[in-house]
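Across the two complexes that follow, chain A remains constant while its partner is chain B and subsequently chain C.
Our next item is the complex of A and B:
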């Protein structure tokens, strides 16, 4: 029964999306408000139906309806409730349905909140978002249906959504005994929330894309589409940032190699839209403030969504070899066709509007040190990073396959060589750009503004040197990164003290007043500060990581980076609630003879999981200064010998990456949920328009 | 309810403030483009690896000593792990270039006595949990003159990829 409800609601949602697509375009063409209104209602219906479909799948997972092939492949009777629910996005078919639900939710939210203010854009916003939704539902229904069931027909086992002729349902006992269970690697809290965050980020960029396309299609090329979609773009960017950080944390905790970013194609596929999206969030300010970069912004917003769809295609089609990718699937060609078609239509629309002179800038760049020029430079560096990472992940294999009849891939050496100079350029611009003014700034004035942050950065470096850091690369890297951070702090401090003096507020009141009055600027500084903290963490953990491995008997110790790690004992065969069997070592971390913390690295065995069923779980002592990260590699427990082998990493400053993420979230929230959605220039132009 | 305005906005063709310093932007942009192209070309030279099959590796002597990327099916019986020194040795079997069913391709490769096999040696590597029988290994490294592939990078496919299995019919069901 659950499967029938799931299939029906998904199919009806597909029909509703198609109906909304047709009616919105028909309504726009015939200028019929009734048809557009009907399309809008169909958007809401599609959302409700998809919500029902996802709820049904979760119920099937919780109630252990193993005849549904998706439930059978991602869960088993020993799995706890929490992971049973999060198995909704544990594999291809479920995650595609979940993706569609989020897409429908964003589309419904955007239509609901902008219906009265942006009526002219609405038909096209509906058309673009529903075309995307209908495509993803097509994949869910015809290629990766999460409601397919197993049927025995003769000697064959079929997997279909509809009951086949002569089909007999397998017995419950057989299904329960053979059910796969969720991949052990995915049974981690970070993995439970990392995919939804990433999907929210990906799907969220649909809204600015749909509004931009609506602006091009309708001819309303004012800043309306930007104002309507700014918060959505920021929210999507926040989710995508969170998804990336959580993905890094999952890799750090679960994959057991002491790192968090491996330049894997799938990681890069998620990073690419973030790069273009960040460039868009910066350059869109120039259009709002100065009426410039109209065509460029259109390309960036299309590029962001295009990167989302391409990344999804690359990850889910089997195009790239990665530990993170989904199973090879038939969805590859349709996804590529959709990505290609959507991109071509969007680019054609931009070129068409541009040829009509409707995307002309209202000002030209007057000064190379003006804020808009520096923002453009920042944009170019983001785009350069995008091209470099895209080439390294996808471009090189595809081009070599097409033109050289060989498959050439680029290893991590490529990324380690190409990306650091570009990241350094970004941090330098992140420091300088906020110090310049709109319109024009002289080099002398810029130098004066930068003096105090430069002195502070230099003072920081002297402190680092006194602490024993002498590696030139590290000093250059830290100099650039902390300069950007000091600019954010100093600029906020100056404004804050001005308020304290003029308004008589205390510093905390003044800080929140600043965020209220100019959330975009001071929220932005908070984001820059978060990125600085992340940069400090990345530099520390990359340049100064230490590792060692040793076999120890109980009572023996090993030394690393000033720490002593003592092996205290071993407990084999511990059984947890979910049925996994754990072999646990006990270690004590000491410094200068003082015990700091007990760690329990372990190896888990999942007896109910087929094939890959062991998992090494790291244990670490985490402080802001560093992580002592321990892995149980092997052990030998005999009556005469009780030895275990450990690998230990010390990762300096690695926790700043996660803490920097929190600062970044706070900054984005401050910039997103502000009262100021309309810049002064737009307010003025609206008022002029109203009185005309 | 707001009224819909369908008319298109009049677009002003006026363009103000043409910059006299436009050449600076072009020069700056050109220099930046050159720097980025240089970085990408240099990086490609340093990081490029041919991704080839075991058959191609073994039949072309020019690959000996060259850093390449290969893929193969792990024969679980051959895995030898020296945990004290973090050294792993195992054998992989040649896999076809293209296949529909990964699990089946891995199974066939390992059980095909005629498939080419390659000994792999990995140092300073904790044995990955996914290094098991019939896993797909993707390795970067060099083939020595002794016929052993010394891998510097070992990547194994995530088990979530093995979704192709279905519940088998038991007797009497």
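Our next item is the complex of A and C:
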């Protein structure tokens, strides 16, 4: 029964999306308000139907309805309730349905909130968002249907949504006993948050894309589409940032290699839209303030969504090999066709409007040190990073296979060689750009503004040297990163002190007043500060990471980075509630003879899972200063020999990455606070003018 | 509950010398020695034997007992990827196949192979996918330089566009200093007002 409800609601949502697409375009063409209204209602209906479909699938997972093949493949009787629910996005079919739900939610939200202010854009916003939704629902219904069921037909087993002629359903007991269970890699708390955040980020960029396309299609090329989509773009960027950070944390906890970012193609596929999206968020300010870069902004917003679709295609099609390959399926060709078609249509629309002179800029660049020039430079660096990472992840493997008859996969070594200069350039611009002014800034003025942050950065470096840091690369890296951070702090401090002096507020009051008064600027500084903190963490954990691997007998210990790690015992074959078999070692971390913490690294084996059934679970002692990260690599338990091999990493400052993430979230929330892009005075005078 | 049976590998300079003497020592020394006249070859071999014996006698016991540590193995393995798994560094992959390959690296290091020789051997057997960047210098240079070339082209295009804009400003607005002066609040407000009025007036539809 659940399967039938799921199939029906998904199919009706598909019909509603198609209906909305047709009616919105028809309504726009015939200028029929009624048709566009009908399209709008269909958007809401599609959302409600998809919500129902997802709820049905969750109920099926919770009620252990193994007749549904998706439930059989991602759960089993021993799985706890929490992972049953998160199994909704635990494999291809469920995650596509969940993705469609989020897409419908964003589309419905955008239509609901912008209906009155942007009526002219709305038909096209509906058309583009529903075309995208209809495509994903097509995949869900015809290729990866999460409501398929197993059927015995003669000697064959079929997996289909419709009941085949002569089909007999397998017995519940048979399915229950053979249920596969969720991929062990996904049985982690982070997986409850990481994929939804990433999907929200991906899907969220649909709204700015749809508004940009609507602007191109309708001819309303003013800043309306930017104003309407700004919050959506920021929200999408926030979710994508969160998804990336949480993904790093998941990798750190689950993949067991001592790091958080492996330059895996799928990680990179999520990072690429973030890069272009970040460039867009900076560049769009130039269009708002100076009426410039209209064409460029269109390319960026379309490039961001195009990168989202390409990343989804690359992740789910098996185009590249990755640790995320559990999501592979047959949707590759349709996704490629959709991505290609969408990108071509978008670019054609931009070029068409540009050829008609409708994307002409209102101002020109006057000074290389003006803020808009520095923002353009920042955009170029983001694009260069995009090119470098795209080439390493997808370009090189594809080109080498097509033209060189070789299978070249570029790994961490390539990325560590190519990207650091570009990241350094970004941090330098992140420091300098906020000090310059819109329109024009002289080099002398810029130098004067940068003097204090530069002195503070130098003072920080002196402290680092006194603490024993002598590696030139580290000093250069830290110099650049902390300079950007000091600019953010110093600029906020100056404004804060001005308020304290003028308004008599205490610093905390003054800080929140600043955020209220100019959330974009001071939220932006908070974001920059967060990125600086992340940068400090990345540099520390990359340049100063230490590792060792040793085999110990019980009572023996190893030394690393001033720590002593003692092997205290081993418990083999522990069986947990969800059926996994755990081999657990007990280690004690000591410093200067004092016991600091007991750690239990372990190896988990999932007997009911067919592939990827073993996981190495790290145990770590975390402080702000560093992580002592331990892995159980191997063991020998015989009557004569009781030894285990451990890999131990000391990752300095790695926790700053997660803390920097929190600052970044706070900054983005503060920046999103700002609703209007027009100054209050302009709004007021315009309203007065309109009334008159 | 035994995971892997590890052999203790002794770093052996004499073994290395013997490999030079007799290529069949060491399973991966596959390149045949060039043919030379028997007498000359015998002399060279004898000299190598003498040298090897002398080295064995002269080498301190501690050096003969030194083992290849896990850290040495991981230092090489971390620069390679598992030949069969999905983009997982060889030092981190927990599969039995990767444990065996790490053992091979240990053996090779024990036989005197350098890190580069080990990597070259793996590339020969499994292809360029096992290393982070191709070992072939041309392919390596191409891989690393290409993104910079592409980014450089993008930069040139951007500079060209900016210059074109600036030239357009100079030729069309000789008496209009608007762009060179920092915008005052009034100017910005007027600009916003004008833009909004244009928005209200509307553009062309499809």
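We adopt the following convention: the second predicted complex is superposed on the first by the 658 of 692 C-alpha atoms of A that agree within 3 Å, B and C clash if a C-alpha of one lies under 4 Å from a C-alpha of the other, contacts with A are read in each partner's own complex, and residues count from 1 in each chain.
Convention: a residue touches a chain if its C-beta (ideal position, glycine included) is under 8 Å from a C-beta of that chain, and two chains touch if they have at least 3 such contacts.
Just so it is clear, the model here is predicted, and its values are computed rather than measured.
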Chain A as common anchor, with chain B and chain C clashing or fitting: clash
Partner chain(s) touched by A:451 [first = chain B, second = chain C, both, neither]: neither
Which of chain B and chain C A:575 touches, first, second, both or neither: neither
Chain B versus chain C as contact partner of A:410, first or second or both or neither: both
Contacts of A:344 with chain B and chain C, given as first, second, both or neither: neither
First (chain B), second (chain C), both or neither touched by A:459: neither
Contacts of A:551 with chain B and chain C, given as first, second, both or neither: both
Which superposed partner A:155 touches (first chain B, second chain C, both, neither): first
First (chain B), second (chain C), both or neither touched by A:178: first
Which of chain B and chain C A:357 touches, first, second, both or neither: first
Common ground on chain A, meaning residues reached by chain C in one complex and by chain B in the other: 120, 218-222, 256-257, 321-323, 325, 358, 361-367, 373, 380, 384, 387-388, 391-392, 396, 406-414, 417-418, 422, 549, 551, 614-616, 634, 645, 647
In the complex with chain B, residue positions of chain A that touch it: 31, 33, 69, 72-73, 90-92, 116-117, 119-120, 150, 152, 155, 157, 159, 170-171, 174-175, 178, 180, 183-186, 218-222, 256-257, 321-328, 356-358, 360-368, 373, 377, 380, 384, 387-388, 391-392, 396-397, 406-415, 417-418, 421-422, 549, 551, 609-612, 614-616, 631, 633-634, 645, 647
Chain C-facing residues of chain A, complex: 28-29, 120, 217-224, 255-258, 262, 264-265, 289-291, 321-323, 325, 358, 361-367, 373, 376, 380, 383-384, 387-388, 391-392, 395-396, 400, 404, 406-414, 417-418, 422, 437-441, 547-551, 572, 583, 603, 614-616, 634-638, 645, 647, 678-679, 681-682, 685-686
Chain C - residues contacting chain A, complex: 1-4, 69-71, 74, 79, 81, 86-89, 91-92, 94, 99, 127-129, 131-134, 139, 143-144, 146-148, 150-151, 154-155, 158, 162, 165-166, 168-169, 178-183, 185, 188-189, 191-193, 195-196, 198-199, 202-206
Parts of chain B lying in touch with chain A, wherever the complex brings them together: 1-6, 8-9, 11-13, 15-19, 21-22, 24-25, 28-29, 32, 35-36, 39-40, 42-44, 46-52, 69, 71, 81, 83-84, 86, 100, 102, 126-130, 132, 134-135, 138, 140, 153, 155-170, 173
